[in-house]
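Got some structures for you, see below.
You will see two complexes here that share subunit A, one where it goes with subunit B and one where it goes with subunit C.
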Partner chain A sequence: MNNAVLNSRVASDPVSYDDSDSPQLIKLRGVVKSYNDGALTVMDHLDLDMHAHERLVIIGPSGSGKSSLLRVMMGLEGIQEGTIDFLGTQYITGTRNKPQKLDPRLQRQIGMVFQHYTLFPHLSVLGNLMLAPTKVHGWTKAQATERATQLLARLGLESKLHAYPSQLSGGQKQRVAIARALMLEPKLMLFDEVTSALDPEMVVEVQNVMLKLAEQKMAMIIVTHDMHFARHIATRVVFCANGKIVEQGPPEQIFTNPKEARTREFLEKVVIFD
Partner chain B sequence: MNVNFSIVLEYWPVLLRGLGMTVAITMTCALVGSLAGFILSLARTSGNRMLSYPASLYVEFFRGTPLLIQLFWVFFCFPIVLGLSVAPIVSVCIALILYMAAITCETFRGALKSISSDQYDACTALGLSAGVRVTYVIFPQALLRAIPPLLSNVISLFKESALISSVGIADLMFVGQNLSNSTARPIEFLTAVALIYFVVAFPLTRLVGWVERRMLRRFS
Partner chain C sequence: MEYQLDFAFLSGSAPDLLEGLWVTVRLAIAANAMGLTLGFALCLMAMSHWALVRWPAQMFIEFFRCTPALLQIIWFFYCLPFLFEVYIDPIPMGILALGLNLTAFNAEAYRAGVQAVPRDHLDASIALGLRPWQRTIYVVLPQALRSAMPVLMTNGISILQQSALVAIVAVGDLMYVGKDIATQNYRPLETYTLVALIYFLLSLPIARLAHVIERRQDAVVER
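After this line comes the complex of A and B, so read on.
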C-alpha cells in the first residue's frame, strides 16, 4: 500500500513514547454491552489492557460502538457483563446495562470531552471550569480561579476568561471543554470525536492541544475518524468491528501493514492514498 | 354620526381605576400561577405516576375548557359545593390562578425538555451530584429559557382577564362597558378601552421579542 501521506506525518512525529514499564491503568475482562435488547452488540466479550501514558486511538466503522467504551468508563452508560478495573481497583461490573454510581474518587481521575462541546451556556468560561471543583470537590474560589487561569493561558484562551460559550468559535469552545475536563488533574482523558463537529480550520487548533497533552504523557483514549491524526497521536491503534477488537498495534503497523483483511478493507475505504 | 372623544377625558380617572384593578389582578395571578405552574411541571415531569398523572389531568382539563366556564364554575359553584361564602374578587383570582398554573406548567415543562441530554452527560462526566446539577445547571437554564414564553403567558392573562367583568368585577373592561352604556357613547369608550389594553400589552410583546433575541444569542 502506498502510504506517502501518512508516512510524511510520522517522520515528524514528536510524541512517540515507550510504555514498557508504566503501571496498568485499565483492564477490561469479558465486557458485554448491547443496545435494543441485544439487537445491536457493541462490545462482545471485550478484553483490553491499557497502561498509564498510553494513547489509544479506537477506529472502526460507524455504529460499531467506538464511543461506548468511553461512555461506560465515564459512568454515562452501563454494561451487561464483565468487569472493568481502573487504577488497579474494580471500577465497573456488568449489571444489565444500567449505569451504576461509580466510585467518585476513581471517576474524578477521568476527564471526558464530547463531540458537541457540552459547555454550560449560562456560565462564563471561568464559571464552566470552576463549577465542579468548587461545588463538588471543596476547592476555594481562589484555588479554582488560579488553576483555571493557568490552564486557559496554556491553551491560549487567557483573553476569554469572562466570555460566554456563545461568544466563542467551535475550536475555542472545544479547547474550553478540554480545560474544564483537566481542572481536576485527571489521570486519563477520553476524547469522543471531538473534532467531528468543527470546521476544518479549527480542527488543527484542537488537535494541537491534544498533542501538547500527549507530550506531557497524559493517558488518553481517543475515538476519531481522522486517520492522519490517529496515526500522529496514537501509541496504539485499536480497530474494532461488530463489538470485537479485530486488530491492534502500533500505528505504523496498523496503517502500513495491517494483518487482518477486515482492517485493510476498512482503511482502504476511509484513507485517501495518492 | 357624532363621535366625540373628549368625553373619554372626562371619565379618565374612572378608566384608570379600572386599569389599576386589571393590572393588580393580572400581576397577582401571574405570580402565584407561575409558581404553582413550576411546581406542577416538576410533578408532571417526575417519573412518579402518582404525581405525573394527576398533574397531566389537571393541565389537560384547564387547557381544554373555556376560561369563561372555569370562571363561572369557580364563581358560582365553588361557594355552593364548599358551603362557603367567597368574596367575588377572591373567586376570580382563584380561577385565573388555576388557569395560569395550567398554561405555565407547559411552559416550564417545555423549557426542562429543551435542555439536551448532552448537558446531563457533561454533569455526570464532571462528577456533579444531583443537587448541584439541578441547582447550578438545569434550573438556571430552564428558567432563562422559560422567560420569553412566560411573558407571553402574562400578556394573554392580561387580555383574558377582561372576562372577569362578566361576574361584576370592576376591571377596565367592566368600567368601559358601564361607561359606554350610561353615556350612550360605545364607540368612544370601547375604542378607548381597546387602546388602553393595547398600550399596556404592546411594550410587553416587544419586550418578549427582545428577551428572546438575547436568549437566542446566549444559547445558540
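After this line comes the complex of A and C, so read on.
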C-alpha cells in the first residue's frame, strides 16, 4: 500500500488504488465549502478520487460535513472553490455557495437515498418509481412499470407495487427509496445515513439491500454511523474531521490499525474493539 | 305572541326561489373554480424569490383580506365600470368579485400547505432530476392541495354565504329573491327563515365532508 494514498493532502499527484482497469468515477480537486460566510468549513481544500468499483464509507464526527459531499454531488448544494469531475467530465466548479444547474445527463447517473423518508405520500410505490423516468426522461409507462416491477422483485417488495407509502414500514420505505433511485440505472449511488431514522429491527433489511448492490459492483458513497456495517461494506473508509480527510484506507486498516491519532480517538468513542 | 306563522304562501314563490338558488349555486361554484386555481398561482407568486412578483401578489392578498367583502363587491360594481369603462353583466361581475376574494384567502391556505411539504421531499425531487415546474406540479401541488383541503373547503362554504352580499347590487341570487318575496308579501319572518334554511342545508354537507377529511388526515399523519 502506497503511503501517499493515506494522505489526500499530498494533492499534487494523488495516488489511487492500483485498479487502473476500472474507470475513474469522481475526481475532487481543492474543493472548499463552508456555511455561514466561512464560519463553518465542511470541506477544506478537499481532494478525493474514486473508481467505478469502489464503495466509499465516510465516517467522522457530527458536523464534519460528511453529508455535504453527497449533497454537492447531487446538486443540492454548491461549493465555493475547486472542481469536481464525474465520469471524466467537469461536473461542478466552485463559484458560489448556491447550487448550480448540473448537466442532467451526468446528474441522472447518480442516485441518492436520504436519511428521512422521502417517498411522495400521494403516489403509490409504482407511482414513486415511475415519476422521474416518465416525466423527465420520456419513458413510456409500460417501460417504467416493467423496470419497477423487476427492481421491486429483486428487493423483495413485489407485493407492494400498488401500496402507498403510509402503508409501509420504515424499512420498506427505505428499500422503495433505494429502488426509486435505481430506476435510471445510475453509475453511482449515494446513501446519506439511510438507516439512522429506522428502528433497529429494520436496519438489517435495508443494509442487506445495500450489500446486494455491493455484490453487483455498484459504486457507492455511504455516510453512516454504523461502524460494523461500514467495515462490512466498504472497500475504502474515509475518515473526515474539520473539513479535511484525516485518514483513508481499507476498512481492516482503519478499524484495526489507524495511523492517525485523531482517527484512533474518534474510533475509541464509537467502536468497541475486539 | 299573536303572530300566525304561514309558510303556505311560499309555495307559490317556489319557482322564483329555485331560480335564485340556481344563481347562488352558480356564483359559488364559479367563484370556487376561480379560487382553487388562481389561488394556487397567487400562492406561488406570493412565495416567489423575486420581489417584483412577490410584492403585487402580497398586496393583492392583503387588500382582499383587510377590506370588507361587502365593500369589495360594491366597489367592483360601481367603480370598476367607472374607472375602466368595462361593463360586465351582473352575474359574471359577481363571480369576479367573489372569485378574487376567494383567490386571496385560498392563496393563504395553499401557502400553509406548501410550507408543510417537507424540505427532504424537495431534495429528493431534485435528486430525481425533476425540473422546478415539475417539482411544483408533481410533488408540491398534490401534497399542498391535500393538506390545505379542509381550509379550502371551509373557504368555499364561506364564499357561498358571502355570495348573499351580491343581492345588495341587484344580482338575482337566493338572498335577493328572498328579499323580494318578503317585502311583497309582508312576511319577512317566514321568508328569511326558509332562505336561511336553504343556505344551511346547502352548506352543511360540505362542512361535514371537510370535517371528515380533516379527521382522516389526522389519522394518517405520517413521516
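Following the convention adopted for this analysis, the second predicted complex is superposed on the first by the 252 of 274 C-alpha atoms of A that agree within 3 Å, B and C clash if a C-alpha of one lies under 4 Å from a C-alpha of the other, contacts with A are read in each partner's own complex, and residues count from 1 in each chain.
Everything below uses one rule, namely that a contact is a pair of C-beta atoms (placed from the backbone, for glycine too) under 8 Å apart; a residue touches a chain by one contact, two chains touch by 3 or more.
These numbers come from a predicted model, not from an experiment.
Participant: Superpose on subunit A as described above, then tell me if subunit B and subunit C fit or clash.
Facilitator: clash
Participant: With the two structures laid over each other on chain A, which partner does A:Tyr35 touch: subunit B (first), subunit C (second), both, or neither?
Facilitator: neither
Participant: On subunit A, what residues does subunit B touch that subunit C touches as well?
Facilitator: 74-76, 104, 107-108, 111-112, 114, 116, 118, 120-122, 131-132, 135-137, 166, 180-181, 184
Participant: Considering the complex alone, what residue numbers of subunit B touch subunit A?
Facilitator: 118-119, 121-122, 124-129, 132, 136-137, 140-141, 144, 217-220
Participant: Mind listing the subunit A positions that touch subunit C in their complex?
Facilitator: Of all residues in subunit A, those touching subunit C are 71, 74-76, 104, 107-108, 110-112, 114-118, 120-123, 131-132, 135-137, 165-166, 177, 180-181, 184.
Participant: Within their complex, state which residues of subunit A touch subunit B.
Facilitator: So the residues of subunit A in touch with subunit B come to 74-76, 104, 107-108, 111-112, 114, 116, 118-122, 131-132, 135-137, 164, 166, 180-181, 184.
Participant: Of all residues in subunit C, which touch subunit A in the complex?
Facilitator: 118, 120-121, 123-131, 134, 138-139, 142-143, 146, 220, 222-223
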